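The same chain A turns up in both complexes below, where it pairs with chain B and then with chain C.
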Partner chain A sequence: MTLHLILLAIALTGVSGLLALLVPRAHGARVATATLLVGATAGAAGAVLALRGEAVRRAWPWAVPGGALSFRVDGLAAMFLLQIFVIAALGAIYGVGYFSDEQQPQHARKVRAFYGLTTAGMSLLVASANAVLFLVGWEVMALAAFMLVSTDDEDPVARHAGLVYLLSTRVGTLCLIAYFALLRSVTGSFSLDVAALDAARPVSTALFALALAAFGLKAGVMPLHIWLPGAHANAPSHVSALMSGVLIKMGIYGIVRAVSLFVAPPVWWGGLVLSLGIASAVLGVLFAIGQHDLKRLLAYHSVENIGIILMGLGVAMLGRAFGDETLFVLGAAGALLHTWNHGIFKALLFLSAGSAVHAAGTREIDRLGGLSKKMPATAGAFAVGAIAICGLPPLNGFVSELLVYLGLARACAATPGPLFAAGAIGAPALALVGALAVACFVKAYGAVFLGEPRTEAARHVHESGPAMLGPMATLAVLCVLIGVGPVLVAPALDRALVSIGGSGAPVRSAAPLSLLTWIGAPLLFVIAIGVIWAYRRRVASRAQPTWDCGYAAGTARMQYTSSSFAEIIVGLFSTVLRPERSAPKIDALFPAASHFHSHVPEVVLDRAIAPTFRVTGRALASLRWMQRGSVHLYVVYVFAALVLALLVFR
Partner chain B sequence: MSSAVDPVLVLVLLLNFYVVGTSRLHAVINGVALQGAVLGVLALLVHSGSVLSVLVALATILLKGLLMPMMLRRAMREASIRREVEPFIDYVPSLLAVAVATGASFAFARRLPLAPQHVGSLLVPASLATVGTGFLVLATRRKAITQAAGYVVLENGVFVLGVGLLEAMPFLVEVGVLLDLFVAIFVMGIIIYQVNREFASLDTARLSNLKE
Partner chain C sequence: MSTVDTALHVALTLVAPPMLLGVVNKTKAAFAGRVGPPLLQPYYDLARLSRKGMVFSSTTTWVFVAGPVVALVTTLAAAVLVPFGARGAALSFAGDMILFAYLFGLGRFFTVAAALDTGSAFEGMGGAREATFSVLAEPALFLGLMVLVRLSGTSSLSTMLGPGLAHHWGVMGASLVMVVASFVVVLLVESSRVPFDDPNTHLELTMIHEVMVLDHSGPLFGVVLYGAAMKLFVLGALVVRLVLPMDTAHAWSDWGLFALGMIGLSIGIGVVESVMARLRMRQVPNLLVGACLLSAFGIVLLAR
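For the complex of A and B:
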């Protein structure tokens, strides 16, 4: 029953958008969305059943060499499946209002088709227990997502973002194929449902490295995140929500699965994952602060949150290595819960950012402003998401970060050694990340929603319709629900932990989850009162010009901009951020009109990878004569290679 | 395996020469279509009428014998292509090359470690020779439409091998190849149209203008 529901969901979500291509244009959106919603509901029901019952395993023969239609829905898979179906369904509803046929006659059908395929690909790979089947799901997801990223293919920026994404996902798949091939050489089959492997063998290290590269590329771990900012910024917002909320988590899923293949991972594996997590989290949030593009800013926060998830995972692996079950429970539960939480609040943030961007017609933070007056619901939703992502109580981000904190604190209590070092470095790093995230969202929320509109477009915005606000409200409620009642999700976490080798110790025994309800509920009450009071007061308030230093002709553009707000922090970390600025030199009393421009580049892509490509290109210039641009000559090359292969490998 | 297999394979080989030797585009397409249809018959003969082989035969004749030539002819008509083949290498040297390739295939096939029932059969050499011919057409014919035809010939070669080993090779592989081919022709059709529109010519040699 459980598995049938999930298979039905995979099939329905996969065909949803394709089905809509067969019906007349006017009904396309309805058919696609309805099919996807039915599928996602079935899938979510299946995932909930799986979280309540035993793990489901089932296999059918498949004619593909090495393949088998073998499925496994255990606690871990069910957690990811539930997340996929919930976010995909909410995004699809949002898409009805945000990306309709009337507004996007050229792209709407394409986006719906590939949106459904991406969803189906993700759920297939999560449910599969065979490497070939996994790869099929993985590729469907990756390629359909490429089509989604390059939706706006008239725009050269979007095309470039799509190309960078395509290249990195190809490299990732290459690593993945190598990983599965190596795994097969160890276990003797393409089954992913294998018994514990010995981590001490050298081949295990190679397996771990390959998995980290392949899945890290998808997850967007620093420094493999290069595709992520561009892709998230240029995709339609409900696609960004799906990609950032769920798709990059497929990388996390892969890493968790890969690690749980081994009995006792060595200490340095956990240390490496923890370090990668710290690097991603700190650098991700730093780069986010420097961004001027609202969706790009959110994209860098995905890098940050993937970092936090990896930190939790690193703690769990250290717990495994040192035989500390509580440490394992805290780290793994923190990582998995943060996977859910980030999915919820990042989807919420992308959807509400999309609502604002949709209304004002620009993603530039410094061209927005004052949106909360015309779009209070969107502003409220963004605020809830912002508080959640900053890890502040009483919302869900706090709960998962607390679990990771508790794990790091427990590590600090160890005798001096690697475990102590991990805690002593990890805890302050996580605190730094939290503080910087607050700064970043004060900047984003303040510049976009508060103050005065900076442009005419931002002045004439309208609140979005119910199709867009409904999903946002649902996600906001989920943020509050998990934040105030974390005990509700504890059984799901327990199931998931057992399926990755936990001993069955419940999360509640390791962390005071019910205490959070006693703190969170009154806090929520106080906040609600405060909000109502502030709202009443605002209604009664009058608009007054600020003191303008004697300058007679103040405009709304003279407000604090997001870049001026971020300037101090960007300056502090300029060694890593490498901000670029072009300022006019003012040397006369009455200078002419001029321009100021500042920009935080994507350092890894622009300063490391692009130069490497250029140097490689120059080094290989002597082979340029082979590239004649003649199709016929290329065919000859292929033939020559074939003959050569036949001669060499006969 | 029926004794009629080898004569049919000889027909396939002769069609290779026909495709390479003719100067008219329509004849090339006809030759390729006939070769495809012959392959359908071959599938029937090799497996003497099992359900699977009937299915494969029907699909092959439909796709290779009818659908693809139809698409190629339509592309010719719509892009109003001139009817000459325009080779880089002239017809007589091309024919000689096919002859050499056929001879080499026979020599090579003898050295392959084949299953006992395939030793002495024409299946493997015919397949290799047809693949070689496909490559030749791909590499030495100027027009996009002959490239598509060359691709079909190349795949026909793969198909001959696939038919011979159908029971040994998963049916799925063959279906995959057919699908691959169909997509390739489809893409070629689009390219033919686009190249024609952009360059007012279907000469793929002109694509080198796109270099850099």
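For the complex of A and C:
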């Protein structure tokens, strides 16, 4: 039953948009959305069943070499499946209002078709227990997502973002193929449902490195995140929500699966994952602060949150390496819960940012402002998402960060050695990330929604319709629900931990989850009472213009912008961020009108990857003759390579 | 801890904070050779503000009134988690130190958002400074907390600062001295005192906290002042317990020792404000990074 529901969901979501191409245009949106919603509901039901029962395994023969239609839905897979179906469904509903045929006659049908395919590809790869089947799901997801990223293909910026994404995902797939080939040489089959491997063999290290590269590229781990900011910023907002909320988590799913193949990973694996996590988290949020494109800012926060997830995973691996079960539970539960939480609040942020961008017509934070008066619901949704992503109590982000913190504190209290170092470095780093996130989101929220509108476009906005607000409200409620009642998700976490080698020790025994309800609920209640009291006093009071220290001619352009808010922090970390400024030089008595411009570029892409590509391109110029741009020729190359491989490796 | 202790804990949190400001002001007056305002002047100020009307900027939304309220409520919630002297906290559990730090984060989010809500360049400037300096203060706080985690083996404030603390002073005093120094810096920056911020200044360009609340008036401004005093009290309690780790074994002498410690701390703050000038804004990050490094050294000393 469980598996049938999920297979039905994969089929229905996959064909949802294609089905719509067969019916008249006027009904396309309805058919596609309805099909996807039915599929997603079935899939979510299946995932919930799987989280309540035993792991489901089923295999059918498949006439593909090495392939088998073999599926496995255990606790871990079910957690990821539930996230995929819930967020894909909410995004599809949002898309009805945000990306309709009337507004986007050129693109709406295309986006719906590939949106469904991306969803189906992701759920297929999560449910599969065979490497070939996994690759099929992976490629459907990756290529359909490329079409979504380059939706707006008349725009050269969007085309470039799509190209960078395509190249990254190709490299990732290459690593993935190498990983599966190596795995097969170790286990003797393409089955992914294998017994524990020995981590001490040298080949295990190669497996770990390949998995980290392949899945790290998809997850957007620093410094493999280069595709992520452009892709998330240029895709339609409900697609960004799907990509940031779910698609990059497929990388996390892959890393978790790859690591849990091994009984006792060496200490340095855990240390490496933790270090990558710290680097991603700190650098991700630092780059986010420098952005003035609202969706790019959110994209860099995905890098940050992937970092936090990896920190949890690193703690869990260290716990495994040192045989500390509680440490494993704290780290793994923190990582998996943060995967859910990030999916929820980041989707919420992208949807509410999309609503604001849709209304005002620009993604430039410094051209927005004051939106909350005309769009109170969107502003409220963004505020909930912002508080949640900063990891502040009593919302869901706090719960998962608390689990990671508890793990780091436990590591710090251990005997001196790698564990102690991990805790002593990790916890303050996470605190730094938290404080930077607060600075970044209070800046984004304040500059976009508070104050006075900075442009005419921002002044004449309208609140979005129910199709867009409904999904946002649902996600906001989820943020509060998990934050105030984390025990609700504890059983799911327990089930997932067992499927990756946990001994069955419940999360509730390792962390004070039920206490958070007794703190969070009164806190929300007292704050609500206080704000209502103060607001009633306000309504009864006089209103005046803002007191600008006696200055009578203040304009909206004199407000602190997001760039000015971030200026000190960007300056403090300028060695890493390399901000570019073009300031006017005033040398005459009556200088002409001038412009000031500041920008934080994508340092890794601009300064490392792109130059490397240029140099490599020049060095390989003599092989140019092979690239004729003719498909026939490339098929010949593939065939020749295949024959050669069969001759060499038979 | 007993019901009496809990009641006393909450009562002190609610009643005592403005008194600290009174002691600070008296100390500064003594240094300046003045009589100074009465010790209870902060209470009179709050009473006066509570009777006044309010004026609101027409630019603002509900966020503007939420700022002071959330700051006060989160500080109150954090106060419940901090042990006052040897008597322990009203509520303690594994990981309460993280909730403690993040509650202040929630308060900061709304304080800064309320400042940005007015659309005033001055208040935006104050908000940017508040957010920036806390970015450096937060790691300093957590590095210090990690020293205590390491010594006590728990992540609960009541145990970290509990009966074992006096023993740790004997064994690892050097680390704890650095943590105290670093926490004092965090205390001063988080509660906007000299040398980071001057609560008495009237030059908007140089202020941090005061410049964020320029538009608040009447009872709501009273909430701002009361919340700020309570924040000083709660963070101060952390420092006082670290410096006075002894347990007298009697409830009343424990409470007395704590009260003496808090008065001593206020006098100390008053002395600092009397003998030092406010730092230039660009030097503030240096001092905060110094505080981080101090705590980091404290941890390194324990790595054996």
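Keep this in mind: the second predicted complex is superposed on the first by the 590 of 650 C-alpha atoms of A that agree within 3 Å, B and C clash if a C-alpha of one lies under 4 Å from a C-alpha of the other, contacts with A are read in each partner's own complex, and residues count from 1 in each chain.
In this section, a contact is a pair of C-beta atoms (placed from the backbone, for glycine too) under 8 Å apart; a residue touches a chain by one contact, two chains touch by 3 or more.
Just so we're clear, the structure is a prediction, and the values are computed from it rather than from any experiment.
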Of chain C and chain B, partner touching more chain A residues: C
Touched partner set for A:Met1, first chain B, second chain C, both or neither: neither
Partner chain in contact with A:Leu644 - chain B first, chain C second, else both or neither: neither
First, second, both or neither for A:Val23, with chain B first and chain C second: neither
Chain B versus chain C as contact partner of A:Ala534, first or second or both or neither: second
Chain B versus chain C as contact partner of A:Gln627, first or second or both or neither: first
First, second, both or neither for A:Val477, with chain B first and chain C second: neither
First (chain B), second (chain C), both or neither touched by A:Pro65: first
First, second, both or neither for A:Val635, with chain B first and chain C second: first
Those residues of chain A which chain B touches in one complex and chain C touches in the other: none
Residues on chain B engaged by chain A in the complex (per definition of touch): 88, 108, 111-112, 135, 138-142, 147, 170-172, 204-205, 207-212
Contact footprint of chain B on chain A as seen in their complex: 63-65, 627-633, 635-636, 638-639, 646, 650
Chain A residues within the chain C interface of the complex: 369-370, 372-373, 376, 379, 383, 386-387, 390-393, 398, 401-402, 405-406, 409-410, 412-413, 416, 420-421, 423-424, 427-432, 434-436, 438-439, 441-443, 445-447, 450-452, 511-512, 515, 519, 523, 526-527, 530-531, 533-535, 537-538, 541-549, 554, 556, 558-560, 564-569, 572
For the chain C and chain A complex, residues of the former touching the latter: 53-66, 68-70, 72-74, 77, 91, 93-95, 97-99, 101-103, 105-106, 108-109, 112-113, 115-125, 127-129, 131-132, 134-135, 137-139, 141-143, 145-146, 149-150, 152-155, 204, 214-215, 218-220, 223, 285, 292, 296, 299, 302-304
